[in-house]
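By letter and in written order, the chains are A, B and C; residue numbering begins at 1 in each of them.
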Amino acid sequence: MFQLADFSVSFGTATALRRATLDIRQGDRLGIVGESGSGKTMLALALMGMAPDAATISGRLTIDGHDMTHATEATWQQMRARRVAMIFQEPMSALNPLRRIGDTVMEPLIVHEGLSRAQAQARVLALLEEVGIPDPAARLRMFPHELSGGQRQRVLIALALACNPALLIADEPTTALDANVALRITDLLVRLAQERGMALVFITHDLAAVARTTKDIVVMYGGDMIERGPTAQVLSAPAHPYTQGLLAARPDPTVPPRDATGKRRRLPTLPGTVPPLAALPQGCRFSGRCSVELPQCAGTRPTDHALDADRSAACHLLGATP
Amino acid sequence: MTAPLLDARNLTRRYRLPRTSLLHPAPVLTAVDNTSFTIRAGETLGVVGESGSGKSTIARMVMAFETPDAGEVLFQGQNLHALSPYELRLQRQKFQMVFQDPFGSLDPRRTVGWSIAEPMRAIGADTDTARRTAEALEQVGLPARDADKYPHEFSGGQRQRIAIARAIVTRPALLVADEAVSALDVSVQAQILNLLMDLQDDLGLGILFISHDLAVVASICDHILVMQHGKPLESGPAAQVLRSPAHAYTQTLLKAAGVST
Amino acid sequence: MTRRLPVNFILGAVLVALVVGTAALSLVWTPHDATLMTISNKFAPPSATHWLGTDQLGRDVVSQLMAGARNSMAVALVAVLLGGSVGVALGLLASAIGGWVEDGVMRLADLGFAFPALLFAIMLAAVFGPSLTNAVLAIAFINIPVFARVTRGAANQVWTLDYVLAARAAGMNRFAISRDHILPNIAAAIIVQATIEFAVAILAEAALSYLGLGAQPPASSWGRLLSEAQTLMYLAPQLAIYPGLCIVVAVVGFGLLGDGLRDMSDPRLSRER
């Protein structure tokens, strides 16, 4: 359905996304995991045709077989909402504070689908019900500030679903929410994707949330897709040194904070920080911070090595041991 | 048993909300309800809860930014809220705070060295400022020459290190960390948590560590206090709370924090 | 990436430079002595020696306008500095202490807003006699509530920021925090306000002088020139038009400059550029 091939986004000499390759099929639930500066948000924007104007784009993006790489804004407007829709991290700022919930959600139905107000209102009621908002008829007349954070996020999901998109992109949808609200939102996203046969791209830095929500994941670092495969397999047996380091750095609540002698355990860390885009190494983006570096890492970009039928990682180490 | 470093007894804090009607009295929100805890030197207490659980209000009361409506905060045996404003300002060097947002906690118009030295200037310790600023920077893993730079020249993790340097420059006995790693990337989070542990070992700090993330709390805290809607739900040694959570809400937090399952 | 300056800023800066430059020049040089009367040469048309002609007493119009610019600028400057300092101090104090002090200062500011400046100047003139000093005091007085309100609003925002909380945690007192953190971080807003108030002050000075409550003869100011020319409107309308144009140029110039500065200091607008 959605296909990226060798897709790159760069600003001058800084590459935000490097030769990304991705296939999204109906019913997929794909997690994009990475830290800040990994290129995960740029990937989402590219899939929405919203890459910044200043960016240089190369490679190929096709949606339903149509080449959308350099599509015009008008073409993208046809595509957005109906084929691909997006929800954002901050549920408050994504809603116009001066408009009632009902009017906001009705707008795309009236504009894109040409429904009458009465028809649109009936659809909105059904949508709000579907995303689990209690007493939707009363909520229609409310303003965003009268809803809790979790309910606002549900409204945004309803808004995104209004025109039955084939793909829903969720960019850090749970980061601003409390833990048990976040749990319910991820459950909702999974349920909606299953019931509607809709593809879901879930972008996050939260490994716990991605584990609950997705079937497959892509791990990104410095604009590169460095590892991919079924979520459970990647998280339980990561192949790329970066994925390994990231998982190890995540505190495990089942390990007591002090060892037998009463000394506090230190967490394993990745040294350093993600370098700025323009200063990333030319070869493997992770070189310089990697614990098992080979001589060729800094200069040569590693290719994807298949580990399994549906798993691969881009690391020179894996090529060295066939 | 030595006396605890910090002894918070029956803290209660209520806020008056805006009136919704002329005819009814303004509604009152109880942000923190009858909550007690202690922290000993060299130990970390984790307060876990979500927004609205009252955990940040606890931090503000311990820091004496707010006065509790009932209960008291005894720091080294002294009731902080009974001190005169002048005495309180002098005491402040002994309990310091690290904030959540590494981009908001440093004045953008001041050099890093100026900000770090602020707690020393506040108590009139003008001598040795440069040396102790440099020392504090090195303690948090930054080069001493960074003192002349401005906050915008640093990444989020580095800024949090600077904020920690400011908090330890007066060699306090207690550090309050309010969501101090929540805004950071996972790999940087671990570095800052380790730094806090190192400093605790070196300086014998007591730490009040506030977070919504049970996994982070579990990695650093000796004791855990779980809060919901301003009420203490359960508390105890970290291992016990994590292994056999008594409350369903704690289990939810544990589920949200876990990578497995 | 170069940031383009807003158009109103450039235009305002040019006009302000023109007016201020002229006023500064008059300190050292005017074509003629502005107060020198040559009755035989009254109402002279523009010529090589008198670029805009002479007035009813044969004084050189250009020289008078230049001297007037100097006086108008000086009055506006002193008044804004004086009123601004008091207003900013009150605003900072209100914001730092809060509670009933803040309420009290703000109600006083409301009172000041409700009180017309001209009325106050007339009152001052009635008690102490009309003079330029009293005009300055009256204009300064009306500036106090404006600055107090702007300062307190901006300061209250900064007080909620974490670095201010950190300074409190460090044990700094409220006055030191106001000096070290609050003032530097609201300076931009105050400068913008001062520029706009400068335009208002020029207008107020002209109005007071026009009513005879400001600059006294032989001192010149645009308002006085306007008032003197009033009786000669049919005979020599140009004598009223020239100072009027000067006031317009100065007020529009400072107004645009203030708007431009505000546009530049507003991050929501500058990000677009």
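Criterion: a residue touches a chain if its C-beta (ideal position, glycine included) is under 8 Å from a C-beta of that chain, and two chains touch if they have at least 3 such contacts.
Keep in mind that what you see is a predicted model, and the values were worked out from it rather than measured.
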Closest chain to global C-alpha mean, per-chain Cα centroids: B
Farthest chain relative to chain A (centres taken as mean CA coordinates): C
Separation of mean Cα positions, chain B and chain A [Å, integer]: 32
Chain A and chain C: spacing of chain centres that average the CA atoms, whole Å: 54
For chain B paired with chain C, centre-to-centre distance based on mean C-alpha positions, whole Å: 48
Junction residues of chain A, two or more chains touched: none
Contacts with 2+ other chains: residues of chain B: none
Contact set on chain A toward chain B in their complex: 35-36, 178-183, 205, 207-208, 211, 235, 245-247, 249-258, 264-270, 273-274
Interfacial residue positions of chain C with respect to chain B in the complex: 161-163, 165-173, 176, 180-181, 184-185
Residues of chain B that touch chain A when the two form their complex: 50-51, 155-158, 185-191, 193-194, 197, 200-201, 212-216, 218-222, 238-239, 242, 249, 252-260
Residue ranges of chain B in contact with chain C within the complex: 63, 65, 85, 89-93, 96-97, 99-101, 104-110, 115, 118-119, 121-123, 163, 166-167
